[in-house]
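Two complexes are shown next, each including chain A; its partner changes from chain B in the first to chain C in the second.
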Partner chain A sequence: MNYYLTILIYIGINSILALSLNIIVGYAGQISLGHAAFYGIGAYSSALIATKLGVSFWVSLPLAIIITAVVGAILGLPSLRVSEDFLAITTIGINFVVQAVFKYVKFFGGALGVSGIPFPSIGGHRFSLAAFALMTAIFTVISAVVAHLINTSWIGLGLKAVREDELAASSSGVNVYKFKVLAFVLGSALAGLAGSLYAHFMMFITADDFGFPLSIAILSMIVIGGIGTVRGAFLGALLLTIMPELFRPLSDYRMLVYAILLILFMRFLPEGLIGDESIVWKKIRGKA
Partner chain B sequence: MSTILEVRNVKKRFGGIEALKGVSLTLSRGEILGLIGPNGAGKTTLFNCIAGVYHPDEGEIIFKNQRIDKLPPHRVAKLGIARTFQIVRPFKTLSIIDNVLVALGLTNYIGYRNLFKKPGAKDFEKALDLLKAVGLDSKKDEISQNLSLGELRRLEVARALAVNPEIILLDEPYAGLRRHEEGRISEMIKELHRRGLSIIIVEHRVRLLMELVERVVVLDMGELIAEGSPDEVKSNPRVIKAYLGEEEVA
Partner chain C sequence: MVLQQIINGLASGGIYTLVALGLTLVYGVLKILHIAHAGIYALGAYMALVAYKIYPNIYFAFLFAMATTAVAGYLVQKYLYWPIIDQPRIVPLIASIGLFLALEELYRLIWGPYVIPFPQKFHWKTYTLGNIRLPGADLFVFALSIVFLAILYWIVNKTKVGLAMRAVADDKEVSEASGINSKWTIALSFIIGSALAGAAGLMVGVYYNSIYPTMGDVPAYKSLAVIVVGGMGSIEGTVVAGFGLGLLEALLLGFLPFAFPRDALAFIAMIIFLLIKPEGLFGE
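Right after this comes the complex of A and B.
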């Protein structure tokens, strides 16, 4: 039972991560190959606030979200100067730098990471695993609602316009700079939420938890599920969380599998399994 | 007629190339002005300066008594200057109606209060009206990728109208179109004129502008070399010289 609850929690956290990257890459079209950095910033913020200041999860969580959003705005600034391939490389660099800072700066715990992160509790009662899973589910649903709201409101329209054509977007009244930074702020805030949940669930984190391979895994989730859609992010997170569990013996080759999947999907199913223009989704909508 | 837009001695350099060497022109309220010149004359550069994509190195651009030459494109659009592009730039994966909705949202993009509101029934109605005006209402749910070039040009006009402009800049609206589509674009431009819009059309063939405009300015190598009615301009020796080696003038 505990095993399944743990998997459920991972699915929830990964769903939030996929939804958050989807705002940056899917809606706004800003290629980010360093999303694990924001996840890590959320986790480290929450962990350090909780352990160093001795406050509870309920204080560290919102602070972690705010800190990650602010750092996201700053680290999103390169997207104003570089785009596409160059932005991809820049974000990879951000991932490595952030990870190195966590690993080698003593304040962040160095190679030993941060331990003793409190498990969430209410009124002195420590959460059960089921309670944590329920809480994660609630946060996942909230994230999905936020992502859906963004997707269907004026901000979503503006972000998508920026994704499709920056010059045409600005001629249509969209402030391209503002919308790019907003995408990074919103995406990072959700990644911060995921990071905080992860830190307080594991109670121990190290810099290696937030490396480049994880960034690729998150990107794989939204590509496989269907980039730019809420349901696609969910499906991708679900598949890529469960699959490694089912194929344990293959775990050494996980990165290889992700890479092959990414290439195959980009080449043959760029809309993912259930993206708006994918064959599967068109069939489902055709019947409905 | 009162002046709505004034370009004063605008200069723009790209590295060592002087694309605009001190261009001045005025546009009156409700006028259709033709801006012609051979390839590379600086027509699109001038458009980009007016629209805020480029900022002139020298000179001023004044729209309704306000300097706009240092404003970014989205602010210029908000003030009431819309444009289309020589090479069409639709939002490719968005539906036709969403393409227009994007521009209708421009007042909502300011500040943060309206960002998370959804487009309402009124907005959809407005977008549909604009699509009707350019004859694309039957294709509103199609992805813009699937449209023909002529349809995409009309979509660009609908999108430009969505910012509720007073001036519309049309950058080679006829480029690459077949004859019957050219006629359709001319009809549309006349309709814009009837609505009271001030229009500048970039085109390098004078023939197409004959029936539309009263006044044409000719740009060559970044300088204004002639101004007058289409007929006057056509017979101007400097204009003929500028076009020599080019294709037809008329």
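Right after this comes the complex of A and C.
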């Protein structure tokens, strides 16, 4: 039972991560290969606030979200200066630099990481695993609703205008700078939420938890699911969380299978499983 | 002491430049971030191992490594990149990362996760010039990268093939209209770039006397930083940035009073540089 609850919590956290990256990459079209950095900033903020100030999860969570959003705005600034492939590499760079800061600066716990992060509790009662899973599920649903609202509101329209054609967007009165920064702020805020959940669930974090391979995994989730859609982000997060568990018997070949699947998807189904343009999705819609 | 560090920096700068030049060539003609290039680089080192099994000779190893990586590069562009070239840019990018991961896993499964020493021991002499020590291995790597650079310079600037490569990089449609076979030109860029990476992989295998599955990781990230600073697709820019990074690392690591993450340094330099000059050294 505990095993399944833990998997459920991972699915929830990964779904929030996928939804958050989807705002930056899917809606606004800004390639980000360093999303684990924002996740890590959320986790470290929450962990340090909780352990150094001795406050509870309920205080550190909102603070972590705000801090991650602010840092996201600052780190999103390069997206105003550089475009496309430059941005892709810059975001890889941000991932490495943020990870190095966590690892080498003493304030962040250095190589030892941060331990003793309190598990959430209410009125002195420590959460059970089931309660944590329920809470994660609630936060996941809230994130999905937020992502959906962003997508269908004027913000979503602005972001998509920036994605499709920056020049056309700005000549029809869309403030491209504003929307790009907004995408990074919103995306980072949700990543901060996921990071905080992770930190208080694991109760111990190190810089290695937030490396470049994780950024790739998050990006793979939304691309495999179907970029730019809430349902795609969910499906991708679900598949990429469960797959390693299903492939456990393959143990030694697990990474290879994952890498080959990634290649095959890009080669034969680049629209993702249930993206708007995907053949699979069109068939499902056609029958319904 | 400073000169010592400079020589060190020139050697590693030469390797960064060779790896990054392959990326630059590919980016020039195809506008793809070919992350898996660093997997090809590691392949060069492993193919040297295979070559030594067949015929233990360093020149043969070079030829064998460069030939096999050239073929690998050709296959990658033909069967992976070419079919998805018209997809959104994120698609070839992720495919490339997937290929890089797959290659590293294959090396691990075939040759094991451990560090393998280079099959031939080289007894490097250390030359002295006044009171500066010139390690033979550094000189070897530096000299060899200059030779490769010269060959590449000649191909790109003095031959018809090079002219076609520059034309396709400049404008694919127009160059096709003027009778250039862009498909073959792109393939050739991959072949040359991959052979360079293969040579670099072998050189690193010799220089550090170690070959291991993830040896491509650090060069992968660093060469990305190098091509960005160089201006994405500019060969001159890549050379300057590659050697610049090697020197910067050697000097900073030699003299900084505190422990510093060597691998993040390239990116810190890159980000600072981009804030000043977002189009890179020789970019438009």
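The criterion applied here is as follows: the second predicted complex is superposed on the first by the 274 of 288 C-alpha atoms of A that agree within 3 Å, B and C clash if a C-alpha of one lies under 4 Å from a C-alpha of the other, contacts with A are read in each partner's own complex, and residues count from 1 in each chain.
As a convention for this text, a residue touches a chain if its C-beta (ideal position, glycine included) is under 8 Å from a C-beta of that chain, and two chains touch if they have at least 3 such contacts.
The model shown is predicted, which means the values in this text are computed figures rather than measured ones.
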Which of chain B and chain C A:Ile66 touches, first, second, both or neither:
neither
Could you tell me if A:Ile92 is touching chain B, chain C, both of them or neither one (first, second, both, neither)?
second
Of the two partner chains, chain B (first) and chain C (second), which one does A:Ile150 touch, if any: first, second, both, or neither?
first
Contacts for A:Val176 in the overlay, against chain B (first) and chain C (second): which applies, first, second, both or neither?
first
Where does A:Ile142 make contact in the superposed view: on chain B (first), on chain C (second), on both, or on neither?
neither
Specify the partner with more touching residues on chain A, choosing between chain B and chain C.
C
Looking at the complex, which residues from chain A come into contact with chain B?
149-150, 152-155, 157-158, 160-161, 164-165, 167-176, 178-179, 182, 277
Quick check: in the complex, which residue numbers of chain B touch chain A?
51-53, 72-74, 77-78, 82-83, 85, 89-94, 98, 101-103, 105-109, 114-119, 143, 159-160, 162-163
Chain A-touching residues of chain C, taken from the complex the two chains share
27, 31, 33, 80, 83-84, 87-95, 97-99, 101-102, 105-106, 109, 221, 224-225, 227-228, 232, 259-261, 263-264, 267-268, 270-271, 274-275, 278, 280
Would you mind writing out the residues of chain A in touch with chain C in their complex?
25, 31, 33, 78, 81-82, 84-86, 88-90, 92-94, 96-97, 99-100, 103-104, 212, 216, 219-220, 223, 227, 252-253, 255-256, 258-263, 266-267, 270
